[in-house]
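Note that the chains are named A, B and C in the order they appear, and that numbering of residues resets to 1 at the start of each chain.
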Amino acid sequence: MHISEGILSTPVLAGGGVIAAAGVYVGLRSLNDEDIPKTAMMTAVFFTASLVQVPAGPVSMHLVLNGLMGLLLGWSAFPSILIALTLQAVIFRYGGLTVLGVNTLIMACPAVLVHILLSPFLRMAQSRARVLVVGACAGLLGIAGGMAFVALAFVLTGRSMYGVAGLFVVTHIPVLLVEGVFTAAMVSFLWRMKPELIESRSYVT
Amino acid sequence: MTSLLLLKVDSVIGNIDPRARLVSGFLFSVLLAVAQKWEVIAAGFLSAFLFCAAARLPWSGLRVRLIGLNVFMLALLLVMPWSVPGSVLWNIGNWTYTIEGVELALMVAVKGNAIVLAMSVFISTIDTASLGHALEHLRAPRRLVHLFLFTVRYLDILHHESRRLFRAARARGFAPRTDLHTYRTVSRLIGTIMVRSLDRSERVLAAMKARGYCGRFYLLHHFSLRMSDALFIMTVSVFVAVLAWMEWG
Amino acid sequence: MSEVLFKLNELTVRYGNEPPVLRNLSMDLVKGSRIGLVGRNGSGKSTLLSALVGLMDDFDGELWAFGKWRRDDSDFAEVRRRAGLLFEDPDDQLFNITVSEDVAFGPFNLGWPRERVITAVRDTLARLDLSGYEERITYRLSTGEKRMVSIATVLAMDPEVLLLDEPTAGLDHRHTRLLEEILKQSSKTLLVVSHDRDFLASVTNQTIQLENGQAVYL
């Protein structure tokens, strides 16, 4: 879920960069030195997971997992996502440097939203069914939020992008559904395998 | 096993100071992203292309990326002109597909390709570990740099581990389909990688502390600018300056 | 003349751009044969087992398995259902939450009905002296326990051929004997990698040594 180079207007690119920098700053503040190896490991895991293709009907798609990152990383999702996107930009030459800020916001803002809205419920969830529900909501919110930010970036760029924004939202509805199911499965797996990951306030911060 | 991190690029640009490449790539991309004039965008595309050719970048990797990008750009060409006002090319009722829209979509496509080319030659040729060090030298926040370096260090291990797990699942007859069994299996595979990796990162931290780590990394590589780097910076600056002058001058 | 299950014709396998690990290797695996595979560390034993079920991304030469020449990943789907590969590292094999889920994973992939899967899981665990482990969490087992569970995940699929990569590594004496008995009593075709000569001598009756990427019959 990212926007390519060369599409957005300068104010959108610049604004995205500034807001993302602020988010990364908050995220880094919430980390202490001891947390760095763990957060880095999570970043690497999410990067690796984003390379996995899962079939969705006739096509296959990559996982985004920003909702899950929100649940597990809290505010450090910001630096973590920034790094994952930088690595993607460098290694695979995806959406590159100028859109890095906007693309970070697209994934990280919903992640932090998930952290604020859903983490308390996850900590209170006592049954597998509830964990599944919270997980599904995290997946849905992560992608829906991302779609909203993409649409916003297009719309702020200008009228010429309205059609593209619509196309983006429509083509990402399958992603939304798959991520919902997938995040629910992930969270319930982690809840059973390593409950401390889920129960602590947020694992890293 | 293919490594994610070692993009072996045997080209002249490999010897240029990573900081110089990083800054050049950044300036070039920003200029192209901001540019509005056709001449500037076309000249930018051409110079990015020339830099790629001069660096003798292998085309195979680049081709894959450019095809992916241009499939998207094609979609843009189909959709965008419907929401740009101007002289009508086709219409369906009130919806119009305009020449101005086509022009705008083409401009975006050329820009996008130019930036990807510039990124490829300037930045994707930096190996990821040097990139971390270059960032540190350019005074990026220390924790961010450490996070980056640790991530890079783990990346290959994880890539490897993920391939092994998926292989083992295939050996037991797992074939991905669109169904719950597939999603559950994939989520468990990834979850397993995550849980094991976190345990490992705890052991790594313990082992690092045992060797006296207290939140600081020391850089083994120190970069120093050489004549060839200065020449490189000057060449890129001239290109960027000319493009900027064409846009605003 | 018995049926040839696997036939390798001038098989060459390499990792990335490195020099090949297996070089023009030719060998047959006949139905009912019991072969021990030996060779120095790094001689390519594990690589060979992976190649047999099509897990090495690309290979040169020809590979015949279960009545057909196989080349693409899709050709190997059937091979993987009929030949059970035990990985050298049990951490590769186990990824489900509980032991019974992990053992059931393969049988479900084979499309067996639920009741049959449940019976297979129960019986296999019982045979391997793992009754009572059903709800244990795989990730918290000891190395030897993980090995036994990995073996269970392969045996539960009831494959025609067993490709076992160091099945006794990390097992205590009692479990080694148990596995030995199980393999001796089974009539399946066996290709077993092991550094334990006694174990090989008792479960196999033929030895192949890998040397410089080639198979040498001993």
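In this section, a contact is a pair of C-beta atoms (placed from the backbone, for glycine too) under 8 Å apart; a residue touches a chain by one contact, two chains touch by 3 or more.
From a predicted model like this one, the values you see are computed outputs, not experimental measurements.
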Note = Via touching chains, chain A connects to chain B in a minimum step count of 1
Inquiry  = Let me check something: if the centre of a chain is the mean of its CA atoms, which chain is farthest from chain A?
reply    = C
Ask   = Centre to centre, by mean C-alpha position, how many angstrom separate chain A and chain B?
value = 18
Request  = Could you please state the distance in Å, as a whole number, between where the Cα atoms of chain A are centred and where those of chain C are centred?
outcome  = 39
Query = Of all residues in chain A, which are in touch with two or more distinct other chains?
reply = 189, 193
Note = Contacts with two or more other chains occur in chain B at residues 188, 191-192, 195
Touching two or more other chains - residue numbers and ranges from chain C = 97, 139
Key: chain C residues touching chain A - in the complex, by the definition given at the top   = 97, 137, 139
Task = Quick one: which bits of chain A touch chain B in the complex? Just the residue numbers, please.
result = 4-8, 10, 13, 24-25, 28, 31, 33-34, 36-45, 47-49, 51-57, 60, 63, 79-80, 82-84, 86-87, 89-94, 96-99, 159-164, 166-167, 178, 181-182, 185-186, 189-190, 193-194, 197
Residues of chain B touching chain C in the complex = 1-2, 164-165, 167-175, 181, 185, 188-189, 191-192, 195-196
Note = The residues of chain C that touch chain B in their complex are 15-16, 50, 53, 55, 77, 80-81, 84-85, 87, 89, 91-97, 105-106, 108-110, 139, 153-154, 157
Ask   = For chain B, which residues are in contact with chain A within the complex?
value = 4-5, 7, 25-26, 29-30, 32-34, 62, 65, 69, 72-73, 75-76, 79-80, 82-85, 101, 104, 108-116, 119-120, 123-124, 126, 128, 131, 141, 143-144, 146-155, 157-159, 162, 166, 176-178, 180, 182-184, 186-188, 190-195, 197-198, 200-202, 204-205, 208, 214-215
